[in-house]
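One chain, chain A, appears in both complexes that follow, with chain B as partner in the first and chain C in the second.
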Partner chain A sequence: MANKESQSVRQLLMSLCIVLAGAGLVWGFVTSRSGDWVQTGLKFFTGEGAERWLSWKVDGLTMFFLFILLLGQGFSSLYALGYLKEYEEKKKSLWPFYVNWFLFLGSMFGVLLADDGFSFLLTWEMMSLFSFFLVLYENEDHQNRRSAYIYLVMTHVATVFLTAATLFLYTKTGSFAFEVWASGAPTLTTIQLNLVFLAFFIGLGTKAGFVPFHIWLPHAHSAAPSPVSSLMSGVMVKVALYLFLRLVWLTLGPGPVWWGWLFLLVGALSAFVGILSASVQSDLKKLLAFSTIENVGILGIALGSAFLARSWNNDWAMDLALVAFFWHTLQHMLLKSLLFMEAGNIIQATHTRNLERLGGLLKRMPKTALGALIGILGITALPPLGGFWGELILFQSLWTNTLNLTNGWSKVVLPLAIGVLALVGGLSIATFVKWFGVSFLGQARSSVTERATEAHFVQVLAPLLICGLAVLSVLWPSATLALLNLPLSVLRTSDVERIRLALGTPLNLSSSYLVLLIFLTVIVVLLSKRGLRRVTATWNCGAPLTPSMQYTAGGLTNPIRVLFAKVLGSRRHVEGDFGGTRYSLRSLRYEGRIKEVFEDFLYRPLIRGLVWLATQIRKLQEGSIHLYLGYLLITVIVVLIIGR
Partner chain B sequence: MAGISENWLNLVLLVLLTSGLSIVYSNRVQKALNWWTVQTIAVSLLILAQGVYHDEPEVIFVGVLLLIGKAGIIPILLRRVLRESKTAWVGEIYLKRATSLVVAGALTIIAYDVTKPLMALPQAGFRNGLAVAIALIFFGLLLMMIRKVAIVQVVGILLIDNGIFLAGFFLTQGMPLLVEMGSMFDILVGIVIIVILSKQMLENYDSLNVDHMRSLKG
Partner chain C sequence: MDELYAVLTRLLMGLGHLALILVVAPLLQGFIKKSKAFWQMRQGPSILQPYRDLRKMMKKEELISEHASWIFLLTPRVAFAATLMAALVIPNAWGWAPLSGWGDLFLFGASLGLVRLFLTLAGLEGAGTFGGMGSSRELFVGLMTEPALLLGLIVLAFITETTSLQGMAASLLNVSPIFIPRILALITLGMVSVAEMGRIPMDNPDTHLELTMIHEGMLLEYTGPSLALLNFSEQVKQLLLLILLTQIIWPSGLITGGDGFLGILWALGFAGVKVAVLGFFFATAESLFVKRRLFRAPHFLATSTASAILALVSLWIIRGQI
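== the complex of A and B ==
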């Protein structure tokens, strides 16, 4: 059994995290209600003059994401309180986890509060590093080490771009401060501005998980321990999106129209590729990770719509897009961390991530199932939970943008984005039906699943608390809108009240839908209690029911796999042993494979090219005396020619 | 300086350049060594003539030293190693003989080009001399680069040494005796060491091909 001492350490540290998060939230509520600092920003530890570094600032935009971070910190720590018990029982040292957990949280605070390029880069790199260590925590598994390595490489490449952009802006403006950058941005030439934007886009987009920079995300999010996955997926990805607003929207200023298009198209691509890959996954957590890419894509579409509306001076569409962005950010943070926690519960109960081995968990883990069900209702954008309203507002924003246009091809592409969004919505329902149906419904597909029991109390409590919050955010939309108003008042220049006009009615209606649904549920439950429900065994032509009669995870989404075979690069191979007759089948072997399209077509050639280049460069220094003498000759000639 | 007439000077320079090119072009180590000996004799004659015309015993002394030390001792030493190694061919890599001759020609042109700003030397022939000296340095480097037998590379070093010596001579019209002797002693000791090393190579690899030395890399 677990050591008494390490148990109290775990309880102490995680409670400390929760208490700090709670205190932060209370402080945030109190301070953000008062004062005009929300728009202008509250600075602290600011250095002197233009040469300043390590300066920090809080404004409304930061405040919103601080709320997201504090919520994530509180819930994940609460969940970790239970989750970490398993490691304790396995006698695995938890100190690496604690240290990196605290530093990871702290560095995310740093990124959000940074007010200059230097502290931004510093805390950003810290964030990458400590999350890398957390992904590496379960390093006994070779696959996890590989995942962590891919993550490290990708995040490093991203930092190269960010560093380049930061240093470039520093040389141009002579300062690291974001304000100075903002005032210096109009003096840049178009090419410089676009290059800086692209560097930021690649650097931040990698962390956010935009396709095609997303390849690390499914690996890292599924390899990390579940509390870490929920924090990375719920919060860290959002921190990258926050920086898009901070560095591109507020600092580089209104750019050319194509910035908006880039966000929109990359967002649409991410959403589509993300959900398509998720739908054919049979790994419990990888599926969720791909769904994160999808949601980041949706957020990218919202950003794109906002940027486009900004350059077309369409305030209405811009407001809608920004509200959709922040709304969806909040909802996705809540729901995705919830789903990762439920996945963690399943993994701890069954010790497998493979959907094909799960099944029938509803009876064994009812509370986990309840949380998961509410989670997928929210994340698949089904009314009346949060995901739906976010996407609805996004649809409206795209549509308003389209209506305002006279230009030909933009007017065609924008509705196409709506179409993509609709397709993504449909696919996400299929995906999560599979995720929930295969793991919770039916019969257990393996013995480990049969022995599964409900998770630790706090591991059930944390997701259910999030469920409550998700319901509350829709039930009391004016509170949520007040939260959304914090960043909006920083980002927009027009009056603040219009947002209420734009959204008041449908969102206030949202709570009535929810009330109606709860009412309906109560009626159904009451009716079923009154004996109108008949419980019998499922009829199976008289034969007993066996687990192999159920849909498999692969079979459930096979139509999608076949339909999008070109995009997914899916291949299948069926081997049947009919034993002489056509009518009885002795055995059947099915092999399905999904190609990692982006890794195969984009990253492998890139890596091969780099290795080739490295070998070419190594030839310069092969240890051949003749070659070195040749360099000598060339140097002498060049020096003589230059020096004459 | 008016002592050596322009015609004589040009004749000597012709010998120097031709011998340099011939070293690059030669297909046997023995031949390259012979050409180098011819060149060194020409250099010492140039110094001797300079000394005789200007009546400077120091310069004459240097010339004699050159004739004995470089044109005498070094070829004997190298020929001995060569005989032991039974190496005949120069071992071409990167460039064949014909191509290397073309490259050497191009290097000569470059040498003339880089000495253009030094037109103001006291005697017009001296500028030619300087160009030839720098061309010889280039030839030496080229030879070391494109041949793999150790002795040829030694010849390359000697060629460079001749070039440097000539360049010093044409630029300063006679370096101090101490510097001359120092440089000569230096190259002599260098050659002795190289001969020892070459013998060592012969013992270990039974060949003078410097490619074998790669196996010494850690």
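== the complex of A and C ==
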């Protein structure tokens, strides 16, 4: 009886979430077609004057990210409708989930709409807190508790920096309003401006997952229930990137050239480290989380190119970089949510996140596999799907930026970013071939996988809907460009139509490529159809084939691990037991470890230093009355000298 | 009406472009095999043998592993189609490409990447060790060829100030053939081509030993029409890379509309000779070297990447911009 009740509660709440998202999207489509407010912004619930706080504003930039958020909310809620059923069957209370789910979504709305430092900090902190509770939802597992703890600590370190920057700007300008900050920014000295920028960079970069502030992300994104992972990876990191545009691009102004370089270099580092760590992972969801770091890095490179072009007054390269940024934001949101959903389906079917135990799921979960295949095609930045076209525009932006520079070593460094992106592309092919191939193809590697069955209807529907949208965005690029126009009209002042005209034609290539590729494939399929087919065993030199003969997830990318052993800090330990003889091997123990390089070389020394400092400070307060009397004496003397 | 006429002409020329590439690709394979036989002092199979092989395999029964799924059958078809997509951006004998425009040089590498993704997935389909071995190695080599290929092409794009392969071929006519950045970029692309074609020292296309094979490992489960398609697309890819290289080494032979039928024939013949000479060069190189260990492959490809970076630096130094 109780079960039935909770079932209807689940359906009601999640449907409410979907309906709200749908209504928001429809409202957005209707209103964003007209009006100057897209550029100037529409304020609401906002008092007048410089003293105001708790003020809110919608403009084109916000609209774009609201669109991302509403899409994510709709699809994730639809998916959660099916996913949460398992908790119901386990008799786990879902109320903590519902409450935090709604509050998390609401606080992300708040961050996007905030128009002053106070409401920004308030909603930002709420967003961190409620996502922390959602990560902690499966708290029976102590690994998850640890992940949530790391997340909480890191996100608070970030908030410290953001609070410091906000309060500093408040004392300088006497207001929390972003507008007043923007007009006050030119009056700051260079050092002050740079310090505020760095504080924002660390604070927001932590949430976005820039290396080296990324250590929480793979833990938190993989520990959360899958609908939450898809929302965190798809939407929450984008909210942090939105704030880079809002607070740095629009408020702090153009800034010196090195801001652009910082974005570019940190972006390149994040992309490389993220995908390299992903390629050697064998945890289904951690791999996806590391790939999120990679994609945030690519977005960072796009931001860097835009910032650089802005300081070099290269409008065309700036437009391209911004288009690439928003295009990739949209694509990554779609595809990463999709992949996390498919990972969730696998986890519910097999109850394991370990790739080494999966295999052959394509025949058991065909619809999940179809969605996952389209997902990996999109996310590996290969044509015909969206990931590639975003990178193409980014390449063009970097290329134009380089060509227009008159001289300097920048002309070498910028093209090298293209090289890094190509390397990242190659690594991401390896990563996702491993992710898909090991879990869906071949033979089942364990008995749990053999018993796997297809997921619930809506859990299959939601990813496939996303697939449809991802294909549509490529098939109809002018519609996607119209959407990208919203933020562009805020971020740049000159004519936006020009971008559409100039970019419309080359981007139409995306749809013709897709259509041509499908057309050619169909022709080849039709031409090669005749002939007999027979199902037989796999050739195995005559010996029977066992599941353990397949390549493992670790083995498939082992060459990469060997090549980058120094970067990854990978270690292996092989122990053979020959049982006294020289030649007959009885058993073999293999142990491979990947060091968490940034945790070992950056965070642990930092923590040790802090602890050491704390113990030193503690010596001041030894508990001895004589010492305290001594302090009193010294204080009195100092006061007397000063007050003389 | 005029517009329709223009579109139809374009379509027909595009189809002709693809048809020509499809017809010539096995011939090039036969020629390279013959050239290798020449250095090994053998008679070697006929130059037409690849056509016969393809025809024979198209007629054969197809065996499919019991563990394989629909991706196994889809892969050869998609791989073939994606190779053809790469063919659409390659400038032909007189420097014309059916699909040309803004940034199509990125499309070439990316289309080959799509082939790689599907091939490596198919390698895992059979649930055997050989396929996985091939996939693992192919992914490893692929991630290193990609930056080198892209950087090499980017340098040429900087020299010619266009990101379209068709435009690059046309502009390279006005660049001195011994322009140092151009030579360095050529070295890069030559080394990448060796890796992409799966030739010695990266891979050995002639063996089926598990110690050496990369590409063949992934194809081990394929038979009949599927194998024919995969071999065919590999031959097409080889031809595309050689055309790309010849258009960089010596892009002349371009014709204008007034040259007529004879001009087309002249351009085709000239291009054919260029590709044949280059094919003979690669066959010779293959006969002189031995296949290297897999973990030596990074050195080979790092050299080609370094050469691309050197090309970039030297380009800006020559132009006085550093």
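Observations
To be clear about the criterion, the second predicted complex is superposed on the first by the 615 of 644 C-alpha atoms of A that agree within 3 Å, B and C clash if a C-alpha of one lies under 4 Å from a C-alpha of the other, contacts with A are read in each partner's own complex, and residues count from 1 in each chain.
The rule is simple: a residue touches a chain if its C-beta (ideal position, glycine included) is under 8 Å from a C-beta of that chain, and two chains touch if they have at least 3 such contacts.
Predicted, not measured: the structure shown is a model, and the values here were computed from it.
Once chain A is used to superpose the two complexes, chain B occupies space next to chain C without a clash. When the two complexes are overlaid on their common chain A, residue A:Val535 makes contact with chain C while staying clear of chain B. In the superposed model, A:Leu392 makes contact with chain C only, not with chain B.
In the superposition on chain A, contact of A:Gly609 is made with neither chain B nor chain C. With both structures placed on the common chain, the touch criterion links A:Gly174 to neither chain B nor chain C.
Judged by the touch definition given at the top, the superposed model places A:Leu416 against chain C, while chain B stays out of reach.
Look at A:Tyr551: by the touch rule set out above, it reaches chain C but stays clear of chain B. For chain A, the partner with contacts to more residues, out of chain B and chain C, is C. Judged by the touch definition given at the top, the superposed model places A:Leu629 against chain B, while chain C stays out of reach. After overlaying the two complexes on the shared chain, residue contacts for A:Ile637 are found with chain B alone; chain C is out of touch. Taking every C-alpha atom of chain B against every C-alpha atom of chain C, the smallest gap after superposition is 63 Å. Annotation: chain A has no residue touching chain B in one complex and chain C in the other. Taken together, the chain A residues at the contact with chain B in this complex read 623-627, 629-630, 632-633, 636-637, 640-641, 644.
Across the complex, chain B meets chain A through its residues 93-94, 107, 110, 113-117, 134, 137-138, 141-142, 144-146, 148, 210-211, 213-214, 217. Residue ranges of chain A in contact with chain C, taken from their complex: 359-360, 362-363, 369, 373, 376-377, 380-383, 388, 391-392, 395-396, 399, 402-403, 405-409, 411-412, 415-416, 418-420, 422-423, 425-427, 429-430, 432-434, 436-438, 440-443, 505-506, 509, 512-513, 516-517, 520-521, 523-525, 528, 531-540, 545, 547, 549-551, 555-560, 562-563. If you check the complex, the residues on chain C that touch chain A are 58-67, 69, 71, 76-78, 80-82, 84-85, 88, 99, 101-104, 106-107, 109-111, 113-114, 116-117, 120-121, 124-133, 135-137, 139-140, 142-147, 149-151, 154-155, 157-158, 161, 163, 220-221, 224-226, 228-229, 294-295, 298, 305, 308-309, 312-313, 316, 320-322.
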